[in-house]
Each structure stands twice: as structure tokens, then as C-alpha cells.
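Right after this note come the structures.
Next, two complexes with chain A in common: one pairs it with chain B, the other with chain C.
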Partner chain A sequence: MSHSQGFMKALKCRECGHEYALGATHVCEFDFGPLEVAYDYDRIKAELTRAAIQSRPQTMWRYRELLPVAGEPSVGRQVGFTPLVKADRLAKRLGIRELYVKNDAVNYPTLSFKDRVVSVALSRSVELGFKTVACASTGNLANSVAANAAAAGLDCYVFIPHDLEQGKVVNSLVYGANVIGIRGHYDEVNRLCAEIAGKYGWAFVNVNMRPYYAEGSKSMGFEIQEQLGWRVPEHTVVCMASGSLLTKIHKSYQEFTKLGLVPETKWKIHGAQATGCNPITQAQKAGLDFFKPQKPNTIAKSLAIGTPADGFYALRVMKETGGSGDDVTDDEIREGIRMLAECEGIFAETAGGVTVGVAKKLIAQGKIPADSSAVLCITGNGLKTLDAVAGHVGQTREIRPSLREFEALRVADQPELVNA
Partner chain B sequence: MSVKVRIPTPLRKLTLEQELVEVGPGTIGGAITELQTKFPGIRERLVDDAGQVRRFVNIYVNEEDIRFLQNNDTPIRDGDEVSIIPAIAGG
Partner chain C sequence: MFPPRLIQQPIIWELGHKFELVTNVRQASVNDEIGIVCLELEGSPIEVEAGIKWLRTLGVNVEPVELSTVES
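== the complex of A and B ==
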């Protein structure tokens, strides 16, 4: 075993098990199955103890043996360890005994869980000698690749659908990245990027670097378990675009269990989508193990992937854990955003509204029982999708700088004050 | 005129590193059969034992996913462009 590979052994096809060297490649030559990093768990078990983890800085890299870099990470060393908030007021509103919010809306540096995957993908890209990094993105990934590439001194190209929220576009441009708007939806951006990746020698974080990139999502699950006091939550609700995050949260629970870091237990993972782009939850509700591609139409643009690459595996995780899936309309998404903001003071982007809205539905249906405990994964910040809620959260009321006008406004609100 | 097929990197060993190959008009199913004749072994990479396009393979005719068209029966005509692309994660 060469230690120049860190704790990684090989890239392995998830379908046929064929193994490949640890390079920048993501697809099995034999059946097009996705490649995944295989680890040396015996060596990891010897090194990664609770005490070792707790002695390290509070970032996602405190679990570095389970993240696919060979040496020390060089990009995004401060990412992760976001708050796990005990959400008592939201629990009461949704009608459940105990609820936690894992708040990646305040992840460092670009306010979404994507900083986790990008930190891993770019650290590995540097190890493999790349000078130019790129991605196809619905927005958050572009922001994170642009920011982390700038900090690492890498050239950067990001490809996005042309009609993204202004906040997400500016949040990529400001770092000096080459931002290319594609007149098409995300699946078309992805198709183009697959063709570009085949032609240029760049590290495309979600194409040829995907096996490394995707593993970064596990850190969100590792943190949830540690922050809960070293245990796996009974229920976890995760929003789905490609479905990758959901499968990696599940994997993080499996790995901690296998390494003896948490007690063995049963858990259920539930998937959340927007009704305007619900290929995975539609299949889940119909009891199918394959999905039908869709053309997205939803305000949850960060989840608008009509051909979800990990949809098949996400369906399998929901089925195997006894979890469920559901989807919510644009109005329910806005309601979800408001509930989280009003109850917990957390402003999530549209994807967070999807997670909260679906949790509400699943609790009401008894699929997440009222006497149980659940964790909601919030993946991005509401300041990036202001357009989606502006006009739906009330209006500023303007008055002159006059006490008399303010008191008139108060009386208008509460007529009983007249006689007080 | 003919139909141009764009070959993804993982399959180029079979096409002698050719990125763009040509087939005659007909259907996607017919094109896969023709590709197999020209580049033996390529068929089993693209379709399963039942002849269905594999789960992780996406095929596009003029930028439209064949699953939105007529799958294997999707017609292809002179001048059309076919792309074969592995599924990709992201967001």
C-alpha cells in the first residue's frame, strides 16, 4: 500500500467493481457506471478515533482520513463545521418531538454546502497537477468553485444556465472567474461540459473530478453525527438535485457505524424535491427504481436537474432505509422558507424551503412520526435567491420621521391601543 | 451527407481515438448496430442484455435526450448530430 495515496486505494465502478488508478476520471469504460473512491478502512480505523477527531480544528477536515486527498488539503482548509441548531420552535410548528437544523446556509466561504465538495475537488485537482478548474452549475457550485479557485490561484471557468438568479451570477463574477451563461437548462449545460471536459485538459469538479468531489458531501453527515453526541439521527431529510448529497449522507452514517464511532442503529433518509422538478420523488412515490427525465420548471433553481445522475442510487437509499420522498409547490417552498426564518432566524435559499416544506408534509402524513427526532439538511443561503421570495414576505411601511405618524401606524395595527 | 456521432472519451479506445464517426440515417437502434459493425464491442457498452440503453448512458439527437423522443426508435436523418454522454452529477 503506497502512502502517497493517503487512505485511498483506487477508484472503483459502483456497478461492476472494475478498479482504476486514482486519476481524473469518473466513468467506467465497461458499463459507464460512476466511479467511487475505495478506502483502506483497516488503516483508517486504527487512526480515526473520537479523541483524534476532537483534538483537531473545527472544520470538515477533522475527518480527513475519510476524505479523498492524498496529503494535507491545500484548498478550503476552513470549510465546514457549521452549526447544528436544535430547532424547538420549528419542531412545535411542524408537530414533531425533536428537530435539528444542520445549517450549511452559513458554510464558509460561499454560504452553501458546495464549499465542502469543492474544497475536496480542488485540493485533489492541485495534487493531480491541474492549473485550470471548471464546473457546470445551477449557481451554488459556481460560486464555490470561483471563490476557492481564486483563493488557490487557479484559473477558473464556470458554466451556468443563462437565467440564474442575479445574486448567484454576481457571486461568481466577483472572484474574477470566467462565467459562461448557456442558453439552456442545467442538463444542457451539463451535456456541453461533458463534451468540453473531454476536449480540454481541465479539472471539471463535477465531471472528471466527480469521484473526489462527491465524497466531500459526507462531511455534512459526519458533523451531524458528532454534533448529536456521536449518534445517527432517526430521520434525516435531504433535498435532492442530482441526488448525490442524499447518498453521501447515508454513506457517512454507514462509515461512522463501520468504524465504531457511533453505535449501530437504524435510520431513515427522506428525499425532498420541488414539484416542478421531481423525477426522483415521482419515481419514489410510484415505487419505481428508475426515474423518468423531466424539463424543470421551479423557483428552486439549485435543485432543477431533470436528469439526476445519482437518482437511481438515491432511490435505493430511500428504499433500503425505509425512508420516503415527497415534493412541494413553489408556494409551499416559500412557506417553508418563511417558517424556518420566523421560527429559527435562519434564512435559507429555495432548496431549504423545499426541505422544510417536505418535512412538514412527511410529519403530517406520519411518515416521520410525531414522537420521533429528525435532522433537516439546509444547504444554501437565502440571500442568494432574494428574487424568489421578494414580494411574498410583506412590504416595508414608510412614514416620515415623526412620532405622531408612528403612533398612527401602531393604532392602525392594533385599534385597541386607542383607549390604552 | 450522413449522421455524425460524437464519441465520449471512455469509448474512444474502441473507435481508434476518433471523436466523431459517421453512420447512415435510420434510427438510434440502427445506428448502434452499425457502430457495432464498425467498432466491435461498442454495443455492449451502450446497451444492456435486453437492448435498452444503459442506465448511466445518455444519448442525444440534435441536443435532445432520446428519452424525450422515441428512445431506440428515435429517427435520425442526414445532417443530424448524435451525442453519447455519461450521466453527470452536480448542482
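== the complex of A and C ==
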């Protein structure tokens, strides 16, 4: 075993099992199946103990042996270990005994869970000798790649649809990234990115670096288990765009169990989507193991992927764990955002509203029993999607600087104050 | 991805005859709802483009193997 590979063994096709060297590649040459990092779990088991983890800094890298870098991470060393909030008020509102919120709305540095996957992808890119990194994104991923590349001194190209809102573009431009707007259909953008990755030999975080990139999501699951006191939660609700995060949370539970870091137990993983883009939950509810592509139409833009790359695998995880899936309308998404904000003081982006809204549905349906315990994965910050809730969360009321006017306003709110 | 109405049509055979393309199915999943085929196309870039364009006019959804490279 060469130590230049760290604890990784190879890239392995998820379909046929064919193994490849640990380079910048992501598709099996035989059946075009996705490649995944395979690890040497025996060596990891000898080194990764609870005590070892607890002795390390509180970042996602405290689980370094289970993340796909050969040496010390060089990008995003501060990322992760976001709060796991015991959400008693929200639990009461949703009607469940115990509820936790894993709050990646405050992930460092760009306020979304993407910092996890990007720091892994860029650290590995540096190890493989890349000087230029790139991605195609409409929001969170672009921000994270731009910020983390800037901090690491890497050249960065971000490809976006040409008609993306200015606010989202600023969050990438500010870091000095080359932001390229592409005039074309979604699938044309897909193909261009694949061609650029091939021709220029750049590290495209979610194309040729995808096997490493995707593994970063596991750190959210590792943290949940440690923060719960080294146990796997009974129920986990995860929002789905490509479906990758859901599969990786499941993998994190499997890995900790396999390594003896948590007791063996059964868990259920539930998937959440917006009704305006629900290829995965639609298939889940129909009992199918494949999905039909859709054209997204939802305020949850960060989940709007009509042809989810990991949809098939996400469906399998939900089925295998006995979990379920559901989707919520734009109004239910806004209600979810408000419930989380009003009960726990956490302002999530629209994807978080999807997770809360779907959790509410699943609890009401008994798919997450009222006497059980659940974790909701919140993946991004509400400051990023202000437009989605503006005009739906009430309005300010104006008065002159007069105590009498203020008191009149209070009495209007609460007539019982008249005689107080 | 083939819509149901095309499932009885020998599209891959036609693709190989209408255009100067060698087709090779690497993976496939077909049922009465939808057909998803991973197809390798070998030929000049012009023929590949034309073939893909023809597939799209039939209503077949064509994507590179990378699937969704655009993320949120």
C-alpha cells in the first residue's frame, strides 16, 4: 500500500466494480457507471477511534481517514462541524418527540453544505497537480468553488447560465473568479463543461473530480453521529437535488457502523423534494426504481435538477432503509422556512423549507412516528434566497415617533391590553 | 431517454443506418414507461452532431454521460 494514496485504495465502478487508479476521472470505461472511492477500512479501523477524532480540531477534517485525500487537506481546512441544534420548539410544532437540526446554513466560508464537497474536491485537485479549478453552477456551488479557490490561490472558472440573477453572480465575482455566462440550453451547458474538462485538463469539481467531491458530503453525516453522542439517528430527512447528499449521509452511517464507532442499529433515510421538481420522490411514491426526467419549476432553485445524476441510488437507499420520500409546494416551502425561523431562529434557504415541509408531512402521515427521533439536514442559508420569501413573511408597520401611536398599535394587536 | 411511444421503434438501428455512426450499447434499462440507454457513438463530430439532432427531433432526451454537470 502506497502512502501517497492515504487510506484510499482505488476508484471503483458502482455498477461493475472495475477498479481504476486514483486520478481525475469519474466514469467507468466499460459501462459508463459512476466511479466511487474505495477505502482500506482495515487500516482505517486501526487508526480512527473516537478518542483520535475527539482530539482533533472541530472541522470536517477530523474524519480525514474517511475522506478522499492522500495527505493533509490544503483547501478549506476550517470547513464543517456546524451546530446540531436540539430543536424542541420545532419538534412540538411538528408533533414529534425529539428533533434535531443539522445547520449547514452556517457552514464556513460560504454558508452552504457545498463548502464540504468543494474543500475535498479542491484539496484532491491540488494533490493531483491541478492549477485551475472549475464548475458549472447556478448558485451555492459556484460561490463555494470561487471562495475556496481564491483562498487556496487556484485559478477558477465558473460557468453559469447567461440569464442568472445578478445577485447570485456577485457572490462568485467578488472572489475574483472568471465567471462565464453561457447562452444555451441546460444540456448544451452540460456538454460544453464535459468537453472543457476533457480538453483543458482542468479540475471540474463535479465532472472529473466528482468521485472525490461527492465523498465530502459524508462529513455532514459523520458530524451528526458524533454530535448525537456517537449514535445513528432513527430518522434523517435530506433534501435532494442530484440525490448525492442523501446517498452519502447513508454511507456515513454505514462506515461509522462498520468501524465500530457507533452501535449497530437500524435507520431510515427520507428524501425531500419540491413538487415543482420531484423526479425522485415521484418515483419513490410510485414504487419505481427509476425516475422520469422533468423540467423544473420551483422556488427551490438549488434543488431544481430535472435529471438527477444520483436519483437511482437515492431511490435505492430510501427503499433499503425503509425510508420514504415526499415533496412540497412553493407555499409549503415558504411555510417550512418560517417554521424553522420562528421556532429555532434559523433562517434557511428554500431547500431548508423543503426539508422542514416534507418532515411535517411525513410526521403527519406517521411515516416518521410521533414517538421517534429525527434529524433534519439544513443545507444552505436563507440570506441567499431572500427573493423567495420577500413579501410572504409579513411587513413592517410604520408609526410616527410617538408613544401614543405605538400604544395604539399594540392595542390593535391585543385588544385585551386596553384595560391593562 | 426514450419516451414510451418510441419504445417499439428500432431507433438505434436507424441511427446507425441514417448516419455514419457506429453505435454500441454499454448499459440499458427499458420497461413500458421509459427506456434509458447508455450509447457510445463513434464517428466524425459532424455525424455525431447530426445523429444527436435527429434523435432529439424524435423526442429522445440526449445527454452526455456526465448527466448533470450544472449544480445549484
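Quick note on the criterion: the second predicted complex is superposed on the first by the 402 of 420 C-alpha atoms of A that agree within 3 Å, B and C clash if a C-alpha of one lies under 4 Å from a C-alpha of the other, contacts with A are read in each partner's own complex, and residues count from 1 in each chain.
Keep in mind that, in the parts below, a residue touches a chain if its C-beta (ideal position, glycine included) is under 8 Å from a C-beta of that chain, and two chains touch if they have at least 3 such contacts.
On a predicted model such as this, the values are computed, not experimentally measured, just so you know.
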Touching partner for A:N206 - first (chain B), second (chain C), both, neither: both
Partner chain(s) touched by A:K251 [first = chain B, second = chain C, both, neither]: neither
Touched partner set for A:H270, first chain B, second chain C, both or neither: neither
Partner chain in contact with A:F32 - chain B first, chain C second, else both or neither: both
Contacts of A:L141 with chain B and chain C, given as first, second, both or neither: both
Touched partner set for A:L303, first chain B, second chain C, both or neither: both
First, second, both or neither for A:E188, with chain B first and chain C second: first
First, second, both or neither for A:L288, with chain B first and chain C second: second
First (chain B), second (chain C), both or neither touched by A:R62: neither
Shared chain A surface residues [contacts with chain B and with chain C]: 15, 26-27, 30-33, 135-138, 140-141, 186-187, 190-191, 193-194, 206-207, 241-242, 290, 292-293, 302-303, 305, 307, 309
Contacting residues of chain C [partner chain A, same complex]: 1, 26-27, 29, 31, 33-34, 36, 38, 40, 61-72
Contact footprint of chain A on chain B as seen in their complex: 6, 8-11, 13, 19, 45, 54-58, 60, 63, 65, 67-68, 83, 85-91
Footprint of chain C on chain A - complex, ascending: 15, 26-27, 30-33, 135-141, 159, 161, 186-187, 189-191, 193-194, 204, 206-207, 241-242, 288, 290, 292-293, 301-305, 307-309, 351
Of chain A, residues touching chain B in the complex: 15, 26-34, 114, 135-138, 140-141, 186-188, 190-191, 193-195, 198, 206-207, 210, 213-214, 241-242, 244, 290, 292-293, 295, 302-303, 305, 307, 309-310, 312
